[in-house]
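Two complexes are shown next, each including chain A; its partner changes from chain B in the first to chain C in the second.
Now for the complex of A and B:
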């Protein structure tokens, strides 16, 4: 019986390709220009948000719109710990604390709200973004009397490596989680929560912990992103785009396969950057068309299209063979 | 020895008592049947026993320990598993992983994925699942989905299994196979508590039967006694 989920077969070759790719990526700053490094840092940031979103929402079917909240908390932690007047902690520590802060908030919020299902959960998580935004806004106005915060700037290469490190951690976690028994449990919850509960799965715990785990990566990325923004206020840190883009990127790439969201995030972020710089007037318009086309014609995303092409080619190939014999 | 006991088990939905003051006990090793007209409260009683609902008032004990109030996953890990009236399988997950999930999470100590997968394969054979085990459960026939559910329940090392209308919707041949399966489950040493509408099946395999009507217990006894009970006949056929 072949149950590939738990077998190590098939890890080796993709693993090696991944490693080579990773080494190339990690040494990138030594042979390319500054702009490309910055662009790839952006792509990695979106990659982290997308994969961390898929980690929880993909198998569970709970549509979370909280990415911006977790990313924003990370940005704020980064801004507080790394002000332009001199950093309070080393960079890496700020990144870890940003991740932990988001993870803790997700733990609390998850414990309270993961009993909500469907649309209620989606709306609540979106409300969370607004809630944290407004609380911080109030705090900055009435308590700290700061309109915004200046963040120390960090060398582009350093920022790239940090983001790459978080990205690799996110992707590896995603990969191993999906193959683990907890990945199966979360999938079971997504397909029939009641049956999962009656089959011995502690559904609340699995949901809350995975939700928190996914938030850690978004928060860590936020702390790095703060140094990229250099000036932040609550509206910048908790921009709703960071809730919706990860979802769109995951759909664009296709969630059927593990690499779908990765490809989706990479292409989507690249497209966004390119369109924004080259067609600033109509980029949103073009973007809109791309999205509509994706949802209408490629329900399984880019991965679905690729699989369809491969199937067609194979079938065509075998048909020719049959004709020969 | 009693494996499951209920005292004055009651559940209200709004002002309506779906289950009302029901006392029952299931002996270890027997096949215990639960029948009653539609809306009698049979599935509600199963939901109370398996932890989906909490009886109020009333107490349910499993192996001598009070379980009413415990979460379903805890009750499952104690050794009680169930199937559902409307099959609930993990549709996008291969049949064998549906079952393996029960072994990984439903057993008292948990099980490693590889051991669970092996166990799942054996259990699928046991329940008579004869199509490739890697087919996603959503694409199976009703009979095979029911087999997957039973195997998943058994995978949790259940000592007591609650079968909610196992035979409903099956063909005559499949019903006969299901009756045989119930016998073989009992032969493994697993106590069976089953809701059933197919009279031939319930009369054929049960040691004792309890009858619910409007949430109340109206009769209990051997299949012969139940078949002869005037009260039961009235309920089913009208006066």
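Now for the complex of A and C:
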């Protein structure tokens, strides 16, 4: 096997590290049980939402607040296909259909709205979450006469593996997308949309397809999450936190490097879970201050802090060398 | 009077009442977004906390809710001023461009939302609370309205108009409008731009608080009630044209009447109807009805 080809692109080492990490993660349920597996499933869920958000909003610079809409659609598809009275389709099929349903909605919404720019796009995507929530709520009350839906419960390990599978698919897509012609085109759109259009990029197509692609992963994760929740109603499924948290996690980790959003999601989700269980009374208070501190003091996120430390160390080192000579 | 006329009158007055409140909320948000460039997701939380404040002042200290207006309003003005100086001004210093500031201020205001909601939860708990004030009926041409409804409508319109005149006529108002048009030139003309932006944010918070005091007379209070008002305010400021104060005032009344009509036929769909109109408008005319 010709390794040098991969080496020259610099993906061999991170690839190997990733593979070892992945094997460790995938075999986790064999030596760790109970709460930890559940906690890591939660972290993976936030990881998927964050990376899928970064996939589109990172390079393009369009602030999308629609994550909760796509995630919620996935949750509802999961709940409809996997009721506690007996599942209608195999788990994996429900996950795929959840992803496809979200992707289709994103395709339609994207085609309609991606000509809006700046704050208008953010407001519109935020509105989308509420619109779907309210219409669904009305539908459940007046047409189907259900306040909420009970979903079948799935074994914790199974849920973990499903979430891990979606997570790996999301991360790999993100990794290869960034290097693809498509990813570079999206980056170009983010830097200067007119210039990108004039250099022959089909601006609308690139934006809409990436938007839809990012929604597929959020929807798939939603279908799995439905089995975790076991009882859902529109307010649970379309909670606005699922729109804001991925954005914050991405900023927290830093979007300058590929691994930034992943680390951000992992740390942030862990912090959130811990705060919620240990300080339920003042959880939102602490969380609010952490959010504000993040946007105030960590513009480039954890990655930025790490790079700053490395720069300082290097400069310190070279200064010593200079003093010697 | 025939039944149908009474129904129409009911919808109209209800719509104007709702619209008056909406107009106040939207004018506040419009000032915060149009001049200070902060899309304040926590706007509704100022409404909620002011409503709870009124509840406590009335039920514990026995202070008339209308007097609460002149207590809670100025306090919120100062708090808003300080929040801008300590948070959003710092953010604007660090942001490389206006878009980056818009994005980071949305996220920071989301943090603010969490903090205020948690404070309300600690202070008043998660249950619904309500009090009764001026609840006796008033007969207008055969239709009967609770007196507090009419008082709210009167105050909302009065304060809205006064606020508009303040912006149009007063010295600070002129400084605010010049800052909205061209911050750089305004600062060259001797306007202390940072102070003006902080005042705008404070005034916006004050308008939310005034709306909150009025709302508390009619609506059961709960720490989670703020978000829906934020949504509605966002819709109205887009409807009226981002940053246009008269647009927000008129847009508020329009949305109030539309909401009351939809509520008459299908109550649970009113928020969805707002959004539908809003999305339609964003697609057809993103500048808003009164936008330039």
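The rule is simple: the second predicted complex is superposed on the first by the 317 of 325 C-alpha atoms of A that agree within 3 Å, B and C clash if a C-alpha of one lies under 4 Å from a C-alpha of the other, contacts with A are read in each partner's own complex, and residues count from 1 in each chain.
Keep this in mind: a contact is a pair of C-beta atoms (placed from the backbone, for glycine too) under 8 Å apart; a residue touches a chain by one contact, two chains touch by 3 or more.
All values derive from a computational prediction rather than experimental measurement.
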Inset, instruction - Pick one for A:194: touches chain B only (first), chain C only (second), both, or neither. - result: first
Inset, instruction - For A:291, select first, second, both or neither according to whether it touches chain B, chain C, the two together, or no partner. - result: second
Inset, instruction - Look at A:131 in the shared chain and tell me whether it touches chain B only, chain C only, both, or neither; answer first, second, both or neither. - result: second
Legend entry - Larger contact residue set on chain A - chain B or chain C: C
Inset, instruction - Look at A:311 in the shared chain and tell me whether it touches chain B only, chain C only, both, or neither; answer first, second, both or neither. - result: neither
Inset, instruction - Look at A:274 in the shared chain and tell me whether it touches chain B only, chain C only, both, or neither; answer first, second, both or neither. - result: neither
Inset, instruction - Mind sorting out which residues of chain A both chain B and chain C touch, each in its own complex? - result: none
Inset, instruction - Please name which positions on chain A make contact with chain B in the complex. - result: 1-3, 5-6, 180-181, 184-185, 187-188, 191-192, 194-203
Legend entry - Touching residues (chain side chain C, partner chain A) in the complex: 39, 87, 90-91, 94, 99, 102-104, 106-108, 110-115, 117-119, 121-122, 227, 231, 234-235, 238, 242, 266, 268-269, 271-272, 275-276, 278-279, 282-283, 286
Legend entry - Interfacial residue positions of chain A with respect to chain C in the complex: 61, 63, 112-113, 116, 118-120, 122-124, 126-128, 130-131, 134-135, 137-138, 141-142, 240, 244, 247-248, 251, 281-285, 287-292, 294-296, 299
Inset, instruction - Within their complex, state which residues of chain B touch chain A. - result: 50-52, 71-73, 76-77, 81-82, 84, 88-94, 96-98, 100-102, 104-107, 113-114, 116-117, 121, 133-134, 152-153, 156
